[in-house]
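The two complexes that follow have chain A in common; it is paired with chain B in the first and with chain C in the second.
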Partner chain A sequence: MHVLEIRRLTKKFGDVHAVDQLSLSVREGEIFGLLGPNGAGKSTTILMIASLLPMTDGEIRIFGRNIAEHPKFAKQQIGLVPQDLAIYEEMTAYENVAFFAGLYGLRGKELRSRAEEALAFVGLEDKRNRYAKTFSGGMKRRLNIACAIAHRPKLIILDEPTVGIDPHSRQSILSAVRRLNEAGSTVLYTSHYMEEVESLCTRIAVMDHGKVIAEGTLPQLTSVVTDRREIVVTLRETDRVKEDALLDIPGVRTVVRDDHRLLIETDAEVNNLNAVIRALTASGVEIADIGTRRPNLETVFLSLTGRSLRDD
Partner chain B sequence: MRMLHIACKELKAFRDPAMLVFMLATPLAIMLILGTALSRGFDREIEIGEIRVLYRLEQPDRTLGQVWSEFVRDAESSGVRFEVSDSREKGLEMVRRAEYAGMAVVSDSGMVYTGNDRAAVENAIVQGLLQTFADRYRLSAVLADGGISAPEDVGREYVRSVSVDGTRQPDSMDYYAVVITTMIILYSALTAAQLMEWERKRKTDLRLLSAPVSKAEIFVGKMAGSFLLHAVFVILLVLFSRYAFNADWGSRPLAVLPILFSQLLFVLGFGVAVSYLLRGGGAAGVVIMVIVQLEALFGGAYFPVEGSTGWFGAIAAWSPLGLTNRALLQVIHAGEWSTALRAMAFNFGAAALCLGLAAVIMRKKEGL
Partner chain C sequence: MKAEQHPAERRSIALMLIALASAGWLAVNAGGSELLPECLLVALLHVSLRLAAGLTAGWPRLLLLMLAAAVLGAGIAVHPAFVLPLPIIVYEIASRIYRPGWSILVALAVPLPALPDGWLLPYGIAAAASFACLRAFDTDGRRIRTLQDEMEQLRDKLRRTLAKLDEMEGYVRQSEYVMKLEERSRISQRLHDEIGQSLTGALMQMEAARRLLGTDRAKAEQLLQQAIRIAKEGIDRIRLTLKQWKPLPEQLGMHRLKRLAAEFEAQHSIRASVTHEGDLDRILPIHWKIIHDNAAEALTNVLKYAAASRVDIHVQVMRAMIRSVVADDGQGAVRIVKGLGLAGMEERAAAAGGTVIVDGSRGFSVTTLLPLDVHEAGRRNS
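Coming up: the complex of A and B.
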């Protein structure tokens, strides 16, 4: 049974195709990852699944039912964790969770126990009576999740729930997502952090410019690029790098600057590390660190688009 | 059910210290300042000159004619001058033009007093006097007719719409307790304009709209919650000014609540309607702020506007806040409900119009 089926979904903002003929399906019990750089169209897709944005074209089904025809049914199945914090700072953690749970029809004793359960899931049970405005960024993120799960949704949609938070809160969120999945919820998880998606998700769709450009399990996706290897160079500054010189080196396929890193995709069997170092030192840049790594989702994205996932 | 749940959430704003200051502490402080510091100026203003009233005696018997002329003589010494009117129509016209505070049509079967709405305070005094006349006439009639029961019934119901508390003259606290309360109600238009904006700012509109509740449920729930919250503050204001400041809210202070609530509903509706018309945000706030401040001025929140002439008086006569204030003052000081009924009809009608308009725009709009 497919929890979620999207067919040729399209959203246009004026001339911009934020989502372009997107199709994908999520099966019951999966943690499905939607990976893509900024502006890929992840949030736009999610807003349409949650009936928050009208679609330009296409069709979305939740448990086989078209959401345009059964919006209430669809909404009842979904727990949405929006990308931006959506909580009442002037209310306590418990009041926030209980209020949103009540919108799904929970009342009285059941409402109270479910709200407590949701707070416990994200590790905020001992902060239940504190006002949200006194919370740290990470705690607010956790509360943001708790507000979406008290009604035990069959499908939990999280839109970049770990943006800009401390490692402790991030671990706690990732573990909460795993436990929610074990407790029976199907999860749709978007991120532009490759590591998160790699470690968490059972199946992954890579999105760019509103389209799915690759889909499958992690081994399936990386098998496309097993003949590749990536040289990662960390530099003091990347301005003076001569990309043409690097691209002339045998085996080098693409060169991408990513902040202070240089990602050089190269054929696996060609040994060209020395040549790369020589070319870099010749242009006068100072190498802080250099290493090679096996293909991962970032390599996949790089080889498919010629760009790095992280351009922020 | 879910509507009620949303309404209850709105009530939590009661804990907001800013709300308590704005809705309770500030108005009470203003009442205290205006009601006591300005009391001397205020008294002079309402007792200015003599009060002129028209009357007609219709088919008077001897007792009535005699008692009436005695009464008119006595009244003159307390600053109220009664002048006879040639015809009922001409007299009423002059009252309408505020040349006279009111007109009394007296017959032995009863008396009808028609006062100018804008002279509520004068009318309260006149009606108090008329009540003493009625008492005197009843007594004389009893004496003259040797105890026949008919005039006694006449006396009991003799003067239509006379306040029970007619002898007490309103002082400035009585005035400002009323007009500051209605002014604070007026200011809740600003809160209402922020009702949906408030959710958008917190991004919780996404949560509300992604839950299985309709936009209408959210709208009605939030409006109802906001109404209840403000209503509680209004009740507190009335009771507090009544019992702590001894302001006159009439013999049963809670009887005026329907008038105040009708104004509250209108004001909240007005706030959301403007915010939807101007697509929320800053523009709506500025427009409402300007309207609210002008309304407060023309409606008599800062000083009494009754009897104002010229362009100011012309605008003041059309002020919805002024209508509500007149209605309240007349109910409180004269027990007279006719203006109150008109004010409530206007407020409920205008509220229905505003809320309807907001609902139509909201349905067509994406999001809240």
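Coming up: the complex of A and C.
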């Protein structure tokens, strides 16, 4: 069952297409990443999914139901963590969470227990009675997440939740997202940080100029642009390496040696690491380090658009 | 011959009319109002003579101008104010006789002894003013004539160049036709050599076999066998030939793209280049069509909006995607409004499951992304 289905979604501001015939679907249990540079249309798409912005054309379905026909149902399924903080500075952490949970129809005992649970989830339970205005940027972000998840939404949407915060809070937020996913929520995550998306997301859509230009798992996406990977071997000395022996290994395309390293380009689909190690040890060289390099999402984006993700 | 009416000349007529009008005004205000009919008569006579001179050329014109000068001279007797337009007509007469320079001042000094008392200063001022103005007109006139001559020459040159171009185009068409004919004759020659001979050989064997059919069956069978072999070989050879001769799709596609760029560069003096990377063999004819059509459309847009000095077309074949970019170094666009052109490109790309991205942040670029069939690619690799 698709948690979220978007078909030919379009948003025009005047004559300009912010989102252009966008189609994608998110399956249950996924952490779906929406990756693209600033201005690619990620936030506009998310605002339309959350019914906070009217669409110009297209269709959005949550659990198979059109959000235009079932707005209330759709809103209850979604927990939106917006890019701009949506918390009240003059209220305590607990009051903030309880207020937003109340908006989703929770009452009494259930409301209290869910609010506590949400605060504990983001690690703010011991700061429940502190005013939000006294929080650091990272803590405010975490509170922002707590407010969005107290009503236990099935689809959690996070719009650039790690922009402009310290590394510690970032790790804490990423781990919270993983735990939410493990607890059964489907996650839609947008970012222009490719490392986050690579490490967090099970499936990724790459967006640019309001369109999805590629979609799939990380290996699928990288295999769109190339079918090679690189084995990097660090050696004490490279003189004794027999290149011919390496080139005879199935899948190996080129061998380049520099100072203390061997760069072996090989077909990505052939598993030949063992054979490479055997060939090297047979020639009597000592391996100090070995690793493989695959093209990353930055490479994918660059190859498809000719521009860098961080062209701001 | 129709008299040449130059702008400078028309201006000098206007100047003369103004001078006459002021003379008339002076005549009235200097208390000579009783002389008005005479003054008007002199003025009218002068103007009509001058206008008549304007309509003629050569000696008749000079004669008429001199008559006009004489009328003015006589007019001085009626009223001294008629000395005022005198310098203009003197200048004109002098300029008809020889190319006027500073020496014309001498000609302007000719009427001095005949001047009435007290009119030396006004005549001097009028002479200086006329000299300055008319000399300026002359200079302008000469410049205009030079420019006109130049334009005439350029027009002539253009006409000749166009004619030459036309001729060259004809020649190109002719050569294309000749090349096609040559190609055709080569193909027919080869067909004749390859298939004709084997068919003839096979036919002869078969004829022989038919004759032997009744008498020597074994021999006939052998001959038939040979005929079959010869025919088969001929067919194989012709198949091979055709395969060798058929241009590869990537040669056609790249060639057409390069020609598109070259034509664009020649017609619009915007530098255009085509580059590629990756295995062009994997691009299917349907992809080439989309790449070519979208590039043509993008070039049209470059011409219409970009104000660019160069445009680069790049085709890159990746593992599962073809990327074709047309990027210019023009002014770009902050807001991109989708017109018919862009919509058409998107439709073409979508028909093959692809997308089009336009970016106006650094110059303007149109990127067409077309998916390749990876399974197909896998089969080819294995």
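To be clear about the criterion, the second predicted complex is superposed on the first by the 243 of 312 C-alpha atoms of A that agree within 3 Å, B and C clash if a C-alpha of one lies under 4 Å from a C-alpha of the other, contacts with A are read in each partner's own complex, and residues count from 1 in each chain.
Everything below uses one rule, namely that contacts are C-beta pairs under 8 Å (C-beta built on N, C-alpha and C of every residue); 3 or more make two chains touch, one makes a residue touch a chain.
As the structure is a computational prediction, the values presented were derived from the model and not from experiment.
After lining both complexes up on chain A, report clash or fit for chain B versus chain C.
Here the two partners, once superposed via chain A, fit next to each other without clashing.
Once the shared chain is lined up, is A:R307 touching chain B (first), chain C (second), both, or neither of them?
The answer is second: A:R307 touches chain C but not chain B.
Looking at chain A, does chain C or chain B touch more of its residues?
With both complexes superposed on chain A, more residues of chain A are touched by B.
On the A-aligned overlay, A:D208 touches which partner chain: chain B = first, chain C = second, or both, or neither?
Second partner only, chain C.
Counting only touches as set out at the top, which of chain B and chain C does A:D166 meet: first, second, both, neither?
A:D166 sits against neither chain B nor chain C.
Under the stated touch criterion, which partner chain does A:D84 make contact with: chain B (first), chain C (second), both, or neither?
Only chain B is touched by A:D84; chain C is not.
Quick one: classify A:C147 as touching chain B (first), chain C (second), both or neither.
Touch partner of A:C147: chain B, not chain C.
Taking the superposition as given, does A:K72 touch the first partner, chain B, the second, chain C, both, or neither?
Only chain B is touched by A:K72; chain C is not.
So after superposition, what is the minimum Cα distance from chain B to chain C, given in Å?
The answer is 24 Å, the least C-alpha separation in the overlay.
Going by the contact definition given at the top, which residues of chain A touch chain B in one complex and chain C in the other?
none
Contact residues on chain B for chain A in the complex?
Per the stated touch rule, the residues are 1-2, 5-6, 9, 12-13, 15-16, 202-204, 206-213, 366-367.
How about chain C: which of its residues touch chain A in the complex?
Interface residues on chain C, with respect to chain A: 316, 318-321, 323, 325, 327, 335-338, 346, 355, 357-359, 361, 365, 367, 369, 374.
Considering only the defined contacts, which chain A positions touch chain B in the complex?
Those residues of chain A that touch chain B are 47, 50-54, 71-73, 75-76, 78, 80, 82, 84-91, 95, 99-100, 102-105, 107, 147-148.
With touch defined as at the start, can you tell me which chain A residues reach chain C in the complex?
14-17, 21, 208-209, 211-214, 223-227, 303-307, 311
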